[in-house]
């Protein structure tokens, strides 16, 4: 496939190839897309400090996430309905994850069943032990969710990622105007028709503000319920305040993802990179107060488009970062190869930035690598 | 009628339908429209903090305003000459207020008489007890104003809203250039011709900087005069400084509206949302110093276009917010149904934002829900 | 003549009527025109605080400048070669000054002699005692300057305004590109050909960076020389630092004008409105330290285009403000009537802003009328 | 040749004359060109303070750099492959340096050999003793670098400038898209083909992220190696942190250049002008702690396009500034005469700015000449 210079070049081509329905669904944020824009622009308020005359002959991005070795801290975020991007859908993404030894989170609302995703491409010569996690929206009928979790655990998913920022659906104006709906040739492959599950898009197309079947009554104590029905690790996706980060510590989840759902939920909430410091500080303070207790790992997503963005997120305390739309654009332009190229560009840029910042491993990336712009 | 995705979509259609004379009169602000723009853009400097894993199954916007139950803290601001927007004029707006159980303030300069407005549509099956208030500009001939107040009280208005930010008329350049004047088929229905009342527009068209008959000598002590001629509650509209907020406390008015007249009076005065904190702080400090005295309720208007704007205003201490132009645009595109759709969109967006901020009632909205951007 | 809504409307028409040579000469600032832009935009960082329920039936702008009564604190700055604007040149400007009872400073480089300017239109019925001052660039041949001062004093000028910000000429790129020069039908009417005086424009056209005959060696002690040759009051134009403001106090000049020459000299120096506070503070501190000594009055110019700008300058301690380009644009569109309309618009806007800020006289305008934006 | 009004005018013409390959190579910065833009825009955050009534009849820019007298603190940065700009290539630049008595740094990757550059134009009547320095990228095969240094010393170069900000090559997207490579008629004249040296562009065209032969293992201790093979003075180019400035003091280098390689290496690193204060402060603190030790001189480059930029850099503690692209644009439009005009414009602007700031020599330029904008 064609070689691109950067993620933006891939995005441009991808968006021009999609029909308006899909392009709008993938690209849009809530309401005025203020948060969507901040997610990107706030990286510009953090500057990198180049250190010189350090040996940077062997820069490596490898790290561990929840104890598993991965080739890079750059991982794949859950995104619904990847069948809109490419006929391979989630199979393409999974193949790319395996080929690059990257972590992938599968969305509840995938067009490929969770079993097919994990068992796909087993004969890839270069297939690694890349970790797979399943993202979960809890159904009002808890039995449906329990069934899903049992299947996931059996299929080999190592963690469940509970998305907590969508008790009701964000107002995405383009989808409201388009009356967006999933094309008939696709299905929500993790459910059968009888379960009455509606995708975000289906709910959108009804103009409903809350998910018809999503459980808006979910609270912290339901983490105990989750633990009672699965032994997978528990990751909370969508933490945006220090208060909730502390609650996550107290409820002993394994990890949290600082995320605002790619700016698709509450418009005018802060960018994730601007909030990351308050989250990592809260977790650190909890850890100091409870030195014997394990604390959640902290990841983030939102607006990651450059290797330098990753350095900044890591410098502010994230252990890993997830990419949503870039992965989708890669899928559009080249199926699994497109996703691989996206990951390769980002990892090349990351290594380049690490060398110029003067570090050889991700552990060396810290606050000393950055200046926050208001300090200038 | 057609279903719109947001207020801006309605505004766009409405403005394209009006002739330049009316479009300019409704849309314009004073001089360079700096304050008009700030009224809108300053909401962007306040960010919302999403709290998660809270039960948000039953979000409600209902509240009380001056002791009366209303369906929502979003109410209708007084705007002159609604006959320019739609043949129904103020009758349409009043019908929408009743149908949505919202508070409405009628302008002194309405094209429908105050009696007709309140008695309109009495047979609406869903007509609620929505409160009606009358906005007042004091005439140099006080007898004329006294007459108006007596009629309003008799007709059932529960409060008089004294507009204090217009002792002289703001310089709206487009109106000066257009020599804007009210079309001959409309009348100022609360006055008869002999009373020599000139509308803002009429004064504008003479190029006069002060209202020919508006009383620029009005001072705080005239509140005692108002109390002597009416038993309606007294609301001051146009408070923009902590000093005047304290004076309002001392003069024991029932409520104040933080307002800069939608940016139509003094250009380069601050946005209302940026000043709101200093006002609520002043009222709170007065209340602490005089624990046994009642203090005015605080409302605001200016630039409210999104449900998230409402959350921010409430978080900074407003009890209610008023919409001016959005109501006018609704009236243009669909008469009373248009105004209802405007209110419905804003209330839907408000409920959506409340759920994502993690609150179920307006009382729970507080400073903890927001970040002011300079803190980031 | 046609009635305009604001200064910008007049500017637009005026600039379209001039040839590029003159338009560029009048409009341009030094190099990148950074300071020119700041002179205007920094007013936007100061906001006005509307006070309400104050009697504003009789707002007046009248004040005194160096002890003389004037109708308004808005006065006319010296600008060279007004013959480029209109065939009446400086005679038109002088007539407007008289008709509006405004102070006018005549430029050294006028196309009308200083005697003609002051004696012009003596039979105007409404001619007031408006003060006239003469602006001075000191010639390397001091005799030439002495001659000019004697003539000025005799003609009735009450003050000499020494421009101190132009020991060398600012680099105005458009003039350099145009090789701007004064058209042959105009003359520098205060000099005869033998005196070898070159205008800014003539120097420009030679590409010289310093005025061929302007005296770049002028220092503070030359103020004593000036005092020895004239009894007119002494005003320094172009003070931009607190250090020089203090020196002006020590050298006992009668007044200073905070000015950066309309952004035409040192590009990227601060706007005048942003520096005004440090100047008035310095003069105040000198006054407190020397309570028995007189201190200079403080004026300013640069970017005044709105009545609200004047309120802000007065709130920050200026006693008067001068307008340069607005006067030139008025002259272009309507000769003396154009300048009068410019002054009338600004004074109307000033009165309007004063009423809405809640003051009736310029003495009441103080720091309490404004908010500096970083405080918001 | 044609006379230009400013550097930007020369840049515009030059860029329009080059083919895309060369234009992109010269103009581009890394990735999003954020740092490239900051290098320029951050000068706008520093304002100049005009002092008045000072004798400025004889302003001079002359100074010393590493003990050698130069006509101006404005010097020529090393830039690879000047043969792309003009057939004279580095010979033109060297001639301009001599004609203007300016310091020039020759790039390792010149299209003219270092011997030819320094011996060129020996018969210029006005040829002065302008200093020449050689910039160095250390080769993995140290013998190649040692050879180069011996030749440079013999040819008369007075300092070697070790570029430390490019252990790997920055990602310049346009070059990646163009697959930029050096045209076949040019050669890297300091090397013979057998030495396997690849230019930045050649490495770029392979898409490699690190220089094939550049030594990424270079560390501070290699400064001792450099000293062991040459007696030229040692200058480090690319210092951007106070930590590395202190290390440079400890390793006793003769000078450092605050540089981010014209925004071509690590994107989103700070502008040089914003970092300069932390560097000069670090060197000063080292000097105070070690009063008997010599400390490095501090220079800077990046975004210098105006005389006022030079004043700002000197005010913040730089002893000299280097120009990269402006020199290249000059070379394109007029060979050596173009470079001379570039230097002349900048020096004219510098003298102009000095006079208006009120200083006659570069030593008088200090912190008192500027305001940093956040202070306003």
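By letter and in written order, the chains are A, B, C and D; residue numbering begins at 1 in each of them.
Going forward, a residue touches a chain if its C-beta (ideal position, glycine included) is under 8 Å from a C-beta of that chain, and two chains touch if they have at least 3 such contacts.
Quantities reported herein were computed from a predicted structural model and do not represent experimental measurements.
Rounded to a multiple of 5, the Cα-based rotation taking subunit C onto subunit D is 90 degrees.
Here subunit A and subunit D face each other with different sets of residues for the most part; under half of the interface numbers are shared between them. If you average the CA atoms of subunit A and of subunit B, the two centres end up 43 Å from each other. Touching of two or more other chains is recorded for no residue of subunit A. For subunit A in complex with subunit B, the touching residues are 31-32, 34, 164-165, 167-168, 170-171, 173, 176-177, 207, 209-210, 216-220, 222, 236, 238-241, 243-244, 247, 260, 265-270, 274. Residues 3, 5-6, 9, 43-44, 46-57, 306, 308, 312, 348-349, 351-353, 355-357, 371, 376 of subunit A are the ones that touch subunit D when the two sit in their complex.
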